[in-house]
Structures are given as structure tokens and as C-alpha cells.
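Chains: A, B, C and D, in written order; residue numbering restarts at 1 for each.
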Amino acid sequence: MALDVTWAVKWLTMCAQAMAEHRLELIELDRAIGDSDHGENMDRGFQAVLDKLAESQPETPGAALKLTAMSLMSKVGGAAGPLYGTAFLRAATTLGDAPDISPAALAQALEAARDGVVARGKAEPGDKTMVDAWTPAVEAAGAASAAGANVLAVLVAAAEAAEEGAAATDPLIARKGRASYLGERSIGHRDPGAVSTALILRAAAGAAA
Amino acid sequence: MKKLINDPRAVVDESVEGFGLAHADIVAVSTEPKFITRRDAPVAGKVGLVSGGGSGHEPLHGGFVGLGMLDAAVPGAVFTSPTPDQIIPATLAANSGAGVVHIVKNYTGDLLNFETAAEMAQVEGVEVRTVLVNDDVAVEDSLYTAGRRGVGGTVLVEKIAGAAAERGDNLEAVAAIGQRVNSNVRSMGVALTACTVPHAGGPSFDLEENEIEIGIGIHGEPGRHKIPMENADGITDRLLEPILSDLGLDAGERVLLFVNGMGGTPQSELYIVYRRAVQVLKERGIMVERSLVGNYITSLEMQGCSVSVLRLDDEMTALWDAPVHTAALRWGI
Amino acid sequence: MKKLINDPRAVVDESVEGFGLAHADIVAVSTEPKFITRRDAPVAGKVGLVSGGGSGHEPLHGGFVGLGMLDAAVPGAVFTSPTPDQIIPATLAANSGAGVVHIVKNYTGDLLNFETAAEMAQVEGVEVRTVLVNDDVAVEDSLYTAGRRGVGGTVLVEKIAGAAAERGDNLEAVAAIGQRVNSNVRSMGVALTACTVPHAGGPSFDLEENEIEIGIGIHGEPGRHKIPMENADGITDRLLEPILSDLGLDAGERVLLFVNGMGGTPQSELYIVYRRAVQVLKERGIMVERSLVGNYITSLEMQGCSVSVLRLDDEMTALWDAPVHTAALRWGI
Amino acid sequence: MALDVTWAVKWLTMCAQAMAEHRLELIELDRAIGDSDHGENMDRGFQAVLDKLAESQPETPGAALKLTAMSLMSKVGGAAGPLYGTAFLRAATTLGDAPDISPAALAQALEAARDGVVARGKAEPGDKTMVDAWTPAVEAAGAASAAGANVLAVLVAAAEAAEEGAAATDPLIARKGRASYLGERSIGHRDPGAVSTALILRAAAGAAA
């Protein structure tokens, strides 16, 4: 499937489904090292994205992602709202009004998204945040695209890397966000934002399959 | 989970609606997007004060909107900072042309959302200054964390900066006094029980029957460490020690002592903590000149308390004493 | 049992001591026997107001000592009415020569102890009148019980009678206005959880995870009946219905609506109850002219609330609005 | 043993022991249909009686009981304080300053105590209060004394009757005191005040044995 606006809408719809489905899991992860709201926030945010998509018909993937950025920014709140808002906004900007996304553009958009998260949140890899899912995803996508993979393969590589990255946050000590207050007590728990990042990228691959 | 609510997702809407009905003489409530303003906002010539954060900390912040304190409060979802699309119109509503001070508790989410809102408000022509509150000494290695959290000190910043704005201080001066309060206040909290976030349906962390969490924040998040239950004097000593050593108070200095309930602790217990805190301060030759005891910055129905100590000077004392007329703090009027 | 206390038997002593330290500008505390007076008691020419009861209901009654409200409060042990040897000196301390009104909640223990004290105070030359508060509509067959209990209405009696005394009404007039408030107020409460009396060490009654107690009193005693958990609007309707039918309010009448927290309920939930109560009253054409929302008469850390409705007239409204300066209620000064 | 002041002091000492021992039981009974304080109140009250006895040496049983009345009145609070205070005061008044109590005087003193409780509390037999322990005790004491029993036998009869009376409160619906708010829900629970009355009378017999 081409990464056109239809894909984008399908992706966002699948994101909303994933957040609804994993709402309790994300709440539970956030309960352990945060304040129990990440699942609720993401679920509320992507429901708002769906509402917005029902109202206005974006004509390009970039437009769909921009609308997503605005909805997340205005409905999620907390740390995740501005971070995901920035991520989607930067990706949208990179994509411009292209009707369709090439593997290289895709890798670039993911990188822009990650850079947006880092620019806002100042987290480094290893700080036990969503950056630990974004960064391997960006690297895997870049490598796949450079190796000539198609968009589906690039997305699958990104999703897999994000999932591994999320799992790899388990042994880390959090140094950013609310979990950082726990210090060593954050060890042994998975970062909720890294998990939601993996869900978003897995949905992107799913929509392209 | 047993709560006096209808729908976990309507808690903030319905509760803010009720708050607006009960205090229509003081506040006005905007519902879409949600924020609370002083009924007479913007007050001509006055610097506006806006604060906000996740809900579940009531009376903070809505209960502090009114004469001598905040011009607007922005409630997020429970324990979730509000969004720029709420903060921006609240900032505009608070602006009389003299600029607006954002009082922001130091949490990643609050920072990011207020930062974005401030930027956008500046674009709309409002001068914005931000006072970051980070008084929580429970956060030790602030280099390796998101930094100290804003907790009990927030109430004191809002009161004192609010009084400065009310007497006509300009934007820089109001921000400066807010920062001065923040620099001179330290806090630390303890939880005897967790709380239950309505949408989560279960307790925010696990505590054994005989354990307490030392160094909790106000978001139902776990604290610095768990210890076996102790008596009130022992717990008070544990809270005060890092506050006093961090604040470096000398004998003869004057302070405001604030014992804050986390929501589910009987008032009588807060006074037992207060009593001990006064004893300890007295032993060190520190003079408690002003006091506040009660539930002012809470974590839903959590049992526990926080202690805040503010080093006072004459100006801060006078601003503390200045008239205030809000739902939760009122005197002199 | 986890509580911020040192010794279950020292709870009242230490907490009243802390209270006295925190509010030395308003009250003075006598320790042996234990009672709290207005700092400037007796106020020359003014009728004295004395109330008291078991501890564990804070801020009642100590938090209502001060200008425009009580002259003295007498705290008993937790949930145990105070003894005559406390009430008598408190009555003497409140007496400026104009006589003293005892505001007594209708419980056997309170009645008997205040009765004895009043007799002895009269012997000492103090004119005493008693206002009995019995506003709890949860008690149905008052013929076959100790009669309706004094609950939330007590706060309103103390405020309004206190204002009458402050403006200079004589003994009979102050007692009469207190009785008028009592005749025009009805209350009912609900518990979501029990509370734990410190010396008992366990919960005051048993509730399943999905049960609530309708018609509880304020002494941690069980209520009228248990029902399965309901939402806030449903519970509010259950509390209001017997209040309104007993009070027989007509459309167009004006009321004060008081939503009281039992101690462990977040403020946000009280405002959700308040919101619904306003809706119901509005539907019946009843006008909510004054409001009070918060923890004013509690049962330690019990979760739940009570609703009180007071039929207002112009005089009661004016007395409600009159200045008050106590630890727990303050306005106009 | 003669019912002189030594007996009276022993009785009150045994009362204090009994209240300390049964403190939790009385709290538990009061928890079920009241406010969980009866055991604490009685324990505190009789400890205060002991303190008073240590300070001042009463010279007659009447004086000891008067001191007890005053201590209970000023230390117990609640409903039980004034009720027991009145009971001991009325008994003391009946005994006057007799150095020693006859079986008939004993029966009369118990009746005066019961009448004092009824005068203050206005409870009738069957209302599920301490009156339901006092009344059978008074009747049994009167009958025993009339039948020529000695003081020990009179006290034993009173104690036994009080214990039966207390047990007989189980099926009653409370109509006075705090338990009355429970209406039918008070059925199946024993009245704490009736139990403490039985403890007091049992101690009286124990002290005389």
C-alpha cells in the first residue's frame, strides 16, 4: 500500500484502536513509575484525533499528521501531549504537501519526529523515555531505507526497533520525566511513553500492510 | 473504587461546574476550553496571575482565584497538566495589558504545556513571565532527574505574588517576588495511603499496612523511599530535617510554617504534626511568625501531609497578610 | 491503622495544643481541664456561646471559636462528649455577665453532660440557655430513638447565633435565633468508608467494597441502611429527598445549601454533589442564596458527605453574611 | 468479708482491672451498634478513680463511692459518664457515712443507683441499655436480702442477674442511646453499657469473696 492520505487516516484510526486497547496496560505501566494517566491521556488524545478526522478531510498525509499534532497538543496534556504533538508536527512539516511518502522521506519524517521530541524534552537515549523507542526506530528506518526497502519494510523495521527499544528501558534508571523522581526504584519497569511510541509505529506498519 | 462521582471522565467538568456555581461571587468558569477566572478579570492596570496543573489537587488552583491571588486557573485532567489551548485563553483573559505571570510547578508536562502557551500568548501580544516552583527537597539529585517538583510552596508563591500584583507591582516585580518566595521555601511530603485516580480505578501505588512513603509528590506518584510506619513526631522530624538543612536557616530567622494535608487526613492529625514542627523550629531558635494548616494542595483522598517552611522577610510577611478573597483562602476582606 | 499520631490517648491533647499554637491570634487553650476560648473572652456585654462534643469532628467546634461565632469550645475524647468539669469552666470563661448559650448536639451523652454543667453554672450565677441541634432526618422514628441527631446544621446554628450575639442580641434572643436556625435546617449524610477511632484501632463499621451507608451520623456509627454503591447524582438525590420532604420547602423559597465533607473525601467530589443538589433545588423552584462547601463537621478520615438545607429569611441571611473570624470560617474581616 | 471501705477500695480496684481487661471487648460491642468508645471511656474513667483513690483515703464505703462518682463524671464523658456518675452518687448518698453495709442497705443502694440511671437517662427496661442489667440485679439483690442472704450472696445474686440481663439485650431493639439510630439493625448485638454494668457488679462480688 502506498503511504498516501488513506494510509495516514488508517494509521491514525489504528493508533486510536491501539490506545483504547492498551489503555489499561499503559495506565498500569505509568502507575508503577508515574502517575497512572498515560493510557488515559493517549486514549483521550487519539479519540480527539478521530473526531477531528471525521470533521475535516485532510488531503495529504502531511495534513493528516498536522491535524493529529494539533489534536494531541490540545487534548492530551501532561508530558506526552506536547512531545507527541511536536513529533507529529515536525513529521508533517518534513512531509510538506506531498501526496505520498517515499521510503527515504519516511525515514526522514521519523527522524524529524524524534528530533522534535528531543528538542522539547531534552532527553538523551538511555534516560528511560519515549526517546528510547524513537531512536532505534529512526536508526532502523534509516538503515532499511538506505538498503532499498519499501515503505512497509521500513515501517516494520521501525516498529520492531521501537518495540525492542521499549523493552530495553526495563533495566534503565529514569532521568527525565516523572519516573526520574524514583531514581533506582524505576529499575525493572518499562517506560510507558516508549511503549506508546512502539504502539504508534506498529500501527503505522499495520496500516501499510 | 468508591467515589462521589458520576463518570470518571466527567469528574473535572462536573466538579469545576459545581465550584463555579458555589463561588459565582468570586469566579467565572469557561467550559470550552476549561479555565476559571476571577469574576472581574482582567483587572485594569493589574498584572495577571495564571496558574494551572493537573486536577485532583483541590483547592489548588481554582480555590485560589480571586482578589489578592490568581486571576485565572487552568485545570487539566486528573493529575495531567492542562493543554496550551486552555492556558492561552486563560492568559488572554487575565491580561489587562500589564502582562501575565505564569506560576508553573516544575513537572515536565506542566513546563512544556505552559511554555508553548506562553509562546503563543506572546504572539498575541501578551507579555508573559514564568515563575517556576520547585520546592520539593525530596528530589535529591536534581541533576539526574527532571528537577525538584513544585509542591506546597506553590500556594505561598500564589498568595504572595498575588498580593504584589494586587498592590500594583509591575510584571517584573511580580515575577521577582514570586521567584523570591520560591527561593526561600522548601517542602517535603509523606503518604500513609495512596490515592485512586478515577480513570485508573485502583490505588496509585502499593503500600503495606505498616508502611509509609516518604518524599511523595502530589500526583499520587511514589516517593523517595518506603519506611515502616512511625509516630507523628518521628515523621515530622523526617520531613523537617532535609527542609531545614537545605534552607540553611539560622537561629533568629522568621518563617512561615505550612502543614498541608494531602486530602484524606483528619485536621486533628495535621495539628499534631504542626505542634511537633513548631517544637523543632523553636529548639533551633527559629521563629514561626505565620502559619497555615489545612488541605490546600492535595492528592485526591491520599492520607498524609507535607510540611513547607518559608523564610520570611518584612515584605513577604506584609504581602502574606494582605487581603485575599478566594474560595479557599480569605482574610482582611 | 496508620495515623499521624503519637499515642492514641494523646491525640486530643496534642492536636488541641497544635491548634492553639497555630491560631494564637484567635484562641486561647486551657489544658486542665481542656477547653478553647476566644482570645478576648469574655467579651464585655456580649452573650457567650459555648459548644462542644466529642473530638474527631474538626474543625467543629474549636475551629469555630472567634469573633462572630463561638466564645468557647469543649472537646471531649474522640467521639465522646466532654465532661461537666470541662464545660463548666468554659461556660464561666465565656460569660461576661450577659449569660451563656450552650449549643448542644442531640446525643444522650452530650445532653447529659451539658445538662449537668448548665445546672452547676447556674449555681455559680451564670444564666444558661440551651439550643439543642437535631437536624438529622436520617433518624426516622424519633419516638423510638434518642431523637434526631445534631449534624451539619450545627455549623449553621453556631454561625448565625454567633452573629446575633456579636451584634448585641440578649440571651433570649440569641437562643431564639439559634432555635430558629435549628427548626429550619435538615441534614442527611452518607459514608463510603468507615473511619478508625485511634483508641479502637479498627474501622468503626464494616462496609463491603461496593456498599455505602446511607444516613450515617458523625460518630463513625453506622447509618440507616446499606445500599450498593451509586453514582454521585443518585446519592445526592437520596440525601436530598428526605431533607426536602421533611422541610416542606415551597417554590420560591430561599435556602442556604451546605455540602459537608466527612473528612476523607476530595473537595472535587463535594462540588460534584453540590452541583447536583443545585440542579434538584432549581427544578423545584428553590433558590440557593448562600452556600458552604467543605469539611466542616467531619468523622475523622471517613469518606462521604452530608447535605444540609437551611430555609433562609432576611435576618438569617444577614447574620450569615456578618463578619466572622475563626480558624475555619472567616469573612468580612 | 464485711462491706467496709477496704472492700470498697478493693471493688473499685477490681473494676479498674476488669475495664482494662475488657476494654477491647467493650469497644467491639460499641463498634457494632455505637461509636467504638465505651471500653476506652470506662477504662479511662476507672483509671482516674484509682488515681483519686491513691491521692485521698476515703474512710467509708460511701465516701469511696462518692469519689468514684466524681471521677467518672469528670473523666468518662459520653452517655456512660453521667449515668454511672449518677449511679455511684445515688448509692453513696444512700449509704451515708456508715462504716459498713448490711445486706438490706446494699440492696437499697443498688436500687438507688438504678433509679439514678433511670432518672438521668429515661430508659425503660427493654430499651437495650444498661438499665437492662441494673434492673434484674436490683431485683435479685432485693430478693436475696429479703431471704436473709449475706452481703456476698446478695452481690453474687446481683452480678449473676446483671450478666443474664446483659445477655438478654441481644435480641432487643435499642430505643435509647446511640444504638437506637440503628433500629432493627441493633438486634443481635449485646448492649455495651449492660455488659459494663455486669462487670462492675461482678467485681463487687469478687471483692467481697
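Everything that follows uses one rule, which is that contacts are C-beta pairs under 8 Å (C-beta built on N, C-alpha and C of every residue); 3 or more make two chains touch, one makes a residue touch a chain.
All values derive from a computational prediction rather than experimental measurement.
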{"item": "Labels of chains that are neighbours to chain A and to chain B", "value": "none"}
{"item": "Contact-graph distance - origin chain A, target chain C", "value": "2"}
{"item": "Inter-chain centre distance, chain B versus chain C - centres from mean C-alpha coordinates, in Å", "value": "29"}
{"item": "Inter-centroid spacing, chain D versus chain A (mean Cα positions, whole Å)", "value": "74"}
{"item": "Whole-Å gap between the CA centroids of chain B and chain D", "value": "54"}
{"item": "Intercentroid distance (Cα basis), chain D paired with chain C, Å", "value": "32"}
{"item": "Touching two or more other chains - residues of chain A", "value": "none"}
{"item": "Per-residue overlap in chain B, given as positions that touch at least 2 other chains", "value": "none"}
{"item": "Chain contact graph, described as a line, ring, star, complete graph or other shape", "value": "line"}
{"item": "Each pair of chains that touches, named by its two labels", "value": "A-B, B-C, C-D"}
{"item": "Chain C partner contacts - residues on chain B that touch it in the complex", "value": "2-7, 11-12, 14-19, 21-23, 55-56, 58-59, 63, 192-193, 209-210, 212, 229, 231-233, 235, 263-275, 278, 288, 291, 293, 295, 298, 300-301, 303-305, 330-333"}
{"item": "Interface residues, chain A side, partner chain B - complex", "value": "27, 31, 33-37, 40-41, 44, 73-83, 120-121, 173, 175-178, 180-183, 185"}
{"item": "Touching residues (chain side chain B, partner chain A) in the complex", "value": "9, 33, 54, 76-85, 107-109, 112-113, 115-116, 138-141, 144-146, 149, 197, 199-200, 202, 204-205, 217, 219-225"}
